[in-house]
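Next come two complexes, and both contain chain A; in the first it sits with chain B, in the second with chain C.
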Partner chain A sequence: MSNNEAMLADLKSIIKPYIQNEEAFAKLTEETDFINDLKINSANLVDIVLDVEDKFDIEIDNDSMDKMLNVKAALEVIQEKLAVK
Partner chain B sequence: MNLEEIKSLLPYQDPFLFVDELHSVDEDGISGSYTFPENSYFYQGHFKNNPITPGVILTETMAQIGLVAYGIYILSLTGDTEELAKGQVALTSTEMNFYKPVLPNEKVEVISKKEYYRFNKLKCKVEMFNEKKELVCRGMIAGVLINKS
Partner chain C sequence: MKKRVVITGMGVVAPNGVGLDAFTAALKSGTSGIEFYPHLKELGFSCCIGGIPKISEEKKREYFTELQLRNFNSASILYGCIAGVDAWKDAGLDINEETDFDSGTIFGAGTSGVERLREAIYGVDDKKVRRLGSTVVAQTMASGVSAYLGGMLGLGNQVTTNSSACTTGTEAVLMGYDRIQLGKAKRMLVGSSSEDGPYIWGGFDAMRVLTRHHNEKPESGSRPMSATATGFVPGSGAGALVLESLDSALARNATIYAEIIGGSVNAGGQRNGGTMTAPNSTAVRRCIQDAVADAGIEPTEIDTINGHLTATIKDPTEIQNWATALDLKGDDFPYINALKSTTGHCLSASGSIESVASVLQIKEDFIFPSINSEDLHPEIEALIGKERIPHKLIKQTVNIVAKASFGFGDVNGCIIFKKFKNE
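Let's turn to the complex of A and B:
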């Protein structure tokens, strides 16, 4: 498994408890939007970000949090924060 | 901000204010109490000829003290106090377990401890005790703080 695939697998396991749309989760792609597709509310988006911080041992600031609206953006933020660790 | 100021900024009034007194507040949490008057409207229907405080009202009491009053305090640490009255706390989740019934005229104490406050979300571990110091209910309550200033 490549790094990216492993990261996506980790992200999926973090997101799973918070999704409200199983169908959209089953066919998740990089373009999948957390709020519009997976029906995650903004309060649970905070929990996802906190879980991502714990899992990858990174700190996510307000600007990065605002960007993390879909799978692709979330992976980019994680990669960016891991790179400066 | 002192406890009286926090209480005066609560956005509730009779018959849906469930805070008599706030006891203490700091960056780790808040505590307060409420006595359920026997003439409260919900006792007329919950239950027929057997008044017991509804779990949703216990949850509301815990949220008013443990999340909303505490949220006002947290907003006061960062925001403009005069603008605070326009701020709001939107409830986003509750997860509650109940252990003892609360009867008319019982006084309860609510103790709320901050789990985290990040990205405007406040999540607290909240417990309610009766006058015998028995645990009545316990759970997690979370909300989003909106400072409109």
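Let's turn to the complex of A and C:
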């Protein structure tokens, strides 16, 4: 598994408890939107960010968090924060 | 013309029984739910006994989703949702797919999520506010329990939480009763819940109002009306009742447990002997008399009273107030029992749990035993005699029960429940 694939797998396991649409989760792509597609309660986005911080041992600032609305953006933020670690 | 209001469903989470069946069995047998808690002793509490309902992890998952249980730490919401959802289902009502604008909830609480709040306070003080997560507000807001219930059941009428110390549960019932009487709702899920443990009970222990003489023998610790009562035993849990307009209940052929025929809430204003913690007896008597008048009954029609009776020095005063308010003495006085003898004082949940117990007596025609009062307080014996306090289960027709609760802040509530007759 490449680094990117491993990161996506980790992200999927983090968001799984919060999703309300199993079907969209099953065919998740980089374009999948957390709220519109996965029907995640917007309040839970902060919990996802905290889980991501714990998993990757990074800190995600509020501005970066605001961007994390879909899979692609989330992966980009994680990569960016890992790079400056 | 006011609507008639009946009870069509109930649920209960009590220290001596979770669920109606277990609770009814404990009620009839006089089984205590009071236990010794070593962690209270370790923390230096004088009173190390109390009543905490037993809820398994498995049981939690029958009511809450895995997502709801992530970082969940709010006893009032836990107990209240179990009792509330049970009552709703017991009433034969479905979980609404769409918002039900005819149904609401008034579900009281003394506090919400004190343990969760403690975690949050430590987090904030540790400069980790950004890591608190999303659920601190929902679990610690006073209305947490009604907010969770509203979502679980799809309630679209009034959804709120009342709070009036140990009168909370009784007040919630009467607030729901008012709302249905006025035609503003068809169904109101009413009840209350109370949390437990050192952070809730510590303040009472500090006031020295809890008994410290029964740590070795917990079951004998809660002694309402006893000559050897030395303070109350703290408890927790939740009680819930589905109140419904008679029209609605009949239209869907619901089981009717009992009817509410009257009630009263008032306060003593912390005057004439009333204080933050002690009752103004004039107000207590007035509350009882107003409830009886509201119900349109004679005091002699009351079969049994479920008192507030906590096992403090105020029990003889309460009996005196009932006797004076009803103008009944000795053998003319109704039976009177104290649920707190087996559950401890469930604080903000007491009024609703005791309302459930009161209604069960009407539905199943029995008067439950009040334990630990065989050595009756002499002042109580002088007023009403020994025979009026059942120490064993009495099986007899029960038509009318008067239930009262009194709370810090000098607040009072009294409900009159009656066996339902379609006339």
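In this section, the second predicted complex is superposed on the first by the 85 of 85 C-alpha atoms of A that agree within 3 Å, B and C clash if a C-alpha of one lies under 4 Å from a C-alpha of the other, contacts with A are read in each partner's own complex, and residues count from 1 in each chain.
Everything that follows uses one rule, which is that contacts are C-beta pairs under 8 Å (C-beta built on N, C-alpha and C of every residue); 3 or more make two chains touch, one makes a residue touch a chain.
Just so we're clear, the structure is a prediction, and the values are computed from it rather than from any experiment.
Q: Quick one: classify A:29 as touching chain B (first), chain C (second), both or neither.
A: In the superposed model, A:29 contacts neither chain B nor chain C.
Q: Now for A:18: first (chain B), second (chain C), both, or neither, which partner does it touch?
A: It touches chain C, and chain B stays clear.
Q: Figure out whether A:4 sits in contact with chain B (first) or chain C (second), or with both, or with neither.
A: Touch status of A:4: no partner.
Q: Does chain B (first) or chain C (second) touch A:43, or do both, or does neither?
A: Once the two structures are laid over each other on A, A:43 reaches both partners.
Q: So chain A touches chain B in one structure and chain C in the other; where do those two contact lists coincide?
A: 43-44, 46-47, 50, 62
Q: Going by the contact rule at the top, pick out the chain A residues touching chain C in the complex.
A: Contacts found on chain A: 17-18, 43-44, 46-47, 50, 53, 62.
Q: In their complex, what parts of chain C are in touch with chain A?
A: It is residues 66-67, 70-71, 130-131, 133-135 of chain C that touch chain A.
Q: What residues on chain A touch chain B, complex-wise?
A: Where chain A meets chain B, its residues are 41-44, 46-47, 49-50, 62, 65.
Q: Which positions of chain B touch chain A when the two form their complex?
A: Touch list, chain B to chain A: 92-93, 116, 118-121, 142-144.
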